[in-house]
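Here come two complexes built around chain A, the first alongside chain B, the second alongside chain C.
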Partner chain A sequence: MAGFANAIYSTFIRKNTVLLTTAFAGAFAFELAFDITSNKVWDSWNQGRQWKDIKHRYMVKEEEDDE
Partner chain B sequence: MLGRSILRASNRAIARQSLGKSTRASSTAAGAEAASSPFYLTLTAALATAAAAGSTAWYYHLYGQEAFAMTPAEEGLHATQYPWVHERFNKTFDHAALRRGFQVYREVCASCHSLTRVPWRSMVGTMHTVDEMKAFAEEHEYDTEPNNEGNIEKRPGKLSDYIPAPYPNEEAARAANGGALPPDLSLITKGRHGGCNYIFSLLTGYPDEPPAGAAVAEGMNFNPYFPGTGIAMARVLFDGVVEYEDGTPATTSQMAKDVVEFLNWSAEPEMDERKKMGVKSVALLTGLFAISVWVKRYKWAPLKTRKIVYSPPIGPRR
Partner chain C sequence: MTGPVIPIASESSGSNFNFRLHPPSILTSLSPQLAAQFPPWSIALTMSLSSASSTLLRTVARQQLPTSRAAVTSCQQRRGVADAKSSFESPFASANERGSTLKIPNFSKYKSNNSPRSNQVFSYFMAGSLGLATAVGAKATVQDFLVNMSASADVLAQAKVEISLGAIPEGKNVIIKWRGKPVFIRHRTQGEIDEAREAKWEGLRDPQPDEDRVQRPEWLVMLGVCTHLGCVPIGEAGDYGGWFCPCHGSHYDISGRIRRGPAPLNLEVPAYSFPEDETLVIG
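Our next item is the complex of A and B:
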């Protein structure tokens, strides 16, 4: 455990530049992951209710015209 | 040391006992006096009590009761609570229902009720495609900006235009509806007590005939849910008034449900996004709260687990 903590300290915390980079990259990655996950959960709760679930019924004709 | 403390304790106990005995003696003496009081004192006390209780009751009767300015008929019947799915904290609007509700509004409500705060563009990507909405907007004519000669011409509607009102102004609306003003429906679910339940009950609550004894004025219709029960709007939703493109049977209650959901959307178009944001914030804040609890326990652990020991100085007894 102590070895693990020391490893973390020397890799991420010891140098300020590394710490800042880790913090910003971590925040970016967390936000991305959190948004993707929560959007998926939200869409599964509201399956078939949102516009993106029903718009294929009304968009089909337009797409055929384009092709 | 031990011997002294026992002695002190017994002394105190004896003192308390003697004190208790003396108070009990005095109170029994007072009771004995009251029992032998003359009749006129009893009578006076009884009369005073009766007067106090009576005046309190009379005062409550006069001023204490809740006052109702209106009769139950004037308040209107309370709307039934319906389990609206879109009102749950984690559910969006059913956008297929919004599409049907907008159709009901266009074909039924729009002949009298305006929807002036909703632009055509807000339905794009919500219940209709761009091309459908452009076609709807172009069916209506709008005033142009003044041209070089100062004349105002007509042009077909654009997506950025707002849905036109059926009457040019309030006076025209009243004149066409026997003096009654059809309210604007943009914010009606927020503007009526009971919201969705009230509008649904109102739309589906018209009885075939007014009940016996109900006074219905000339040109008015009876609806128990409308405050005052006399409403200028007649029943408009009958089975099959509208033909839905998705094949949903257009019963009265189905149309009422769809149009209520559509009107709730027009009052709160941001609801889907707002609820999603709320769920995300609650999830994040739960995690942050758990971390803050852990940090608090971590910081306080040495303070909470420390043990303070008193070791008295060793010296001669004083």
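Our next item is the complex of A and C:
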């Protein structure tokens, strides 16, 4: 456990620049993951109610009318 | 409420302290037991006493003054005796007394069993995680404000104009209205294209090749606003076969470039695209 802590310390914490860089990179990754996950949850919660779910019912007909 | 500062020896607490108190706290000099019962902040409450009662207090205090002076004298004498013995008596209570606040508690129950390094790593991890969360929150806040400021989808959709190009014969101008401004669309003939391409554009006032001004050479799309003072030029006129502004006599060529007259710049080209072969979308 102490060796693990030492490794973490010397890798990420010893230099403040590294700690800051890690924090910002982590923020980027976290935001990406958070957005994707919340979008998936939203889409599954509103399955069949969004425009992209019912678009094929209306857009196909229009194209047929054009042709 | 000004008056002499009265030194008071507090006998009840048993210590050798001289409290310097201000007149509102005369209450404590009247009754040391009362002073022991009430904390110092309650003295401030006496400030709100009615003026009649404070006058009374002042009178009483004046009569009591000799007594308190005597107390001070005796106190100073006692201190002199203590100095003669050359032993130090702490003015604070000793830690051995029962209920003393000077005893240092035993914190070993709360001491971490981990190594100091892992405690350090935990602290820095929490600090870094807070920084991460702050960065995400700040970015989301700023982004929401900026998105709020930009045009919404319905406004963007209204700001576009779609034109069917099949109705425009070769060699003809069409003027349409886009965002309140006229837009010239010219279906250029092959001869006009060659003329626009072969012109020496390097020496013009606003040098620009024809290739930079059109996406498809046969379709010239420009804002119909003279760059001089904003008049609408007349098509198929002027010395260069293009547009002529009647207000101050600016001549534009078949690519919309300024050739003669007061205008400083070429006619502006808006953002446009050809989503299909025969359709033009401006905006």
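Quick note on the criterion: the second predicted complex is superposed on the first by the 60 of 67 C-alpha atoms of A that agree within 3 Å, B and C clash if a C-alpha of one lies under 4 Å from a C-alpha of the other, contacts with A are read in each partner's own complex, and residues count from 1 in each chain.
Going forward, contacts are C-beta pairs under 8 Å (C-beta built on N, C-alpha and C of every residue); 3 or more make two chains touch, one makes a residue touch a chain.
Since the model is a prediction, treat every value here as computed from it, not as a measurement.
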Inset, instruction - Give one of first, second, both or neither to describe whether A:K40 is in contact with chain B, with chain C, with both, or with none. - result: neither
Inset, instruction - Using the touch definition from the top, say if A:K15 reaches chain B (first), chain C (second), both or neither. - result: neither
Inset, instruction - May I ask you to decide whether A:N6 touches chain B, chain C, both, or neither, giving the answer as first, second, both or neither? - result: second
Inset, instruction - Look at A:K55 in the shared chain and tell me whether it touches chain B only, chain C only, both, or neither; answer first, second, both or neither. - result: first
Inset, instruction - Would you check which partner chain A:F24 touches, where first means chain B only, second means chain C only, and both and neither mean what they say? - result: second
Legend entry - Doubly contacted chain A residues - partners chain C and chain B: 34
Legend entry - Of all residues in chain A, those that touch chain B in their complex: 34-35, 38-39, 42, 45-46, 49-51, 53-55, 57-59, 62
Legend entry - Complex interface listing, chain C residues touching chain A: 114-115, 117-118, 120-121, 124-125, 128, 131-133, 135-136, 139-140
Inset, instruction - Flag every residue of chain B that touches chain A in the complex, lowest number first. - result: 90-96, 99, 125-129, 131-132, 246, 272, 276, 279-280, 283-284
Legend entry - Residues of chain A touching chain C in the complex: 1-2, 4-6, 8-9, 12-13, 19-20, 22-24, 26-27, 30-31, 34
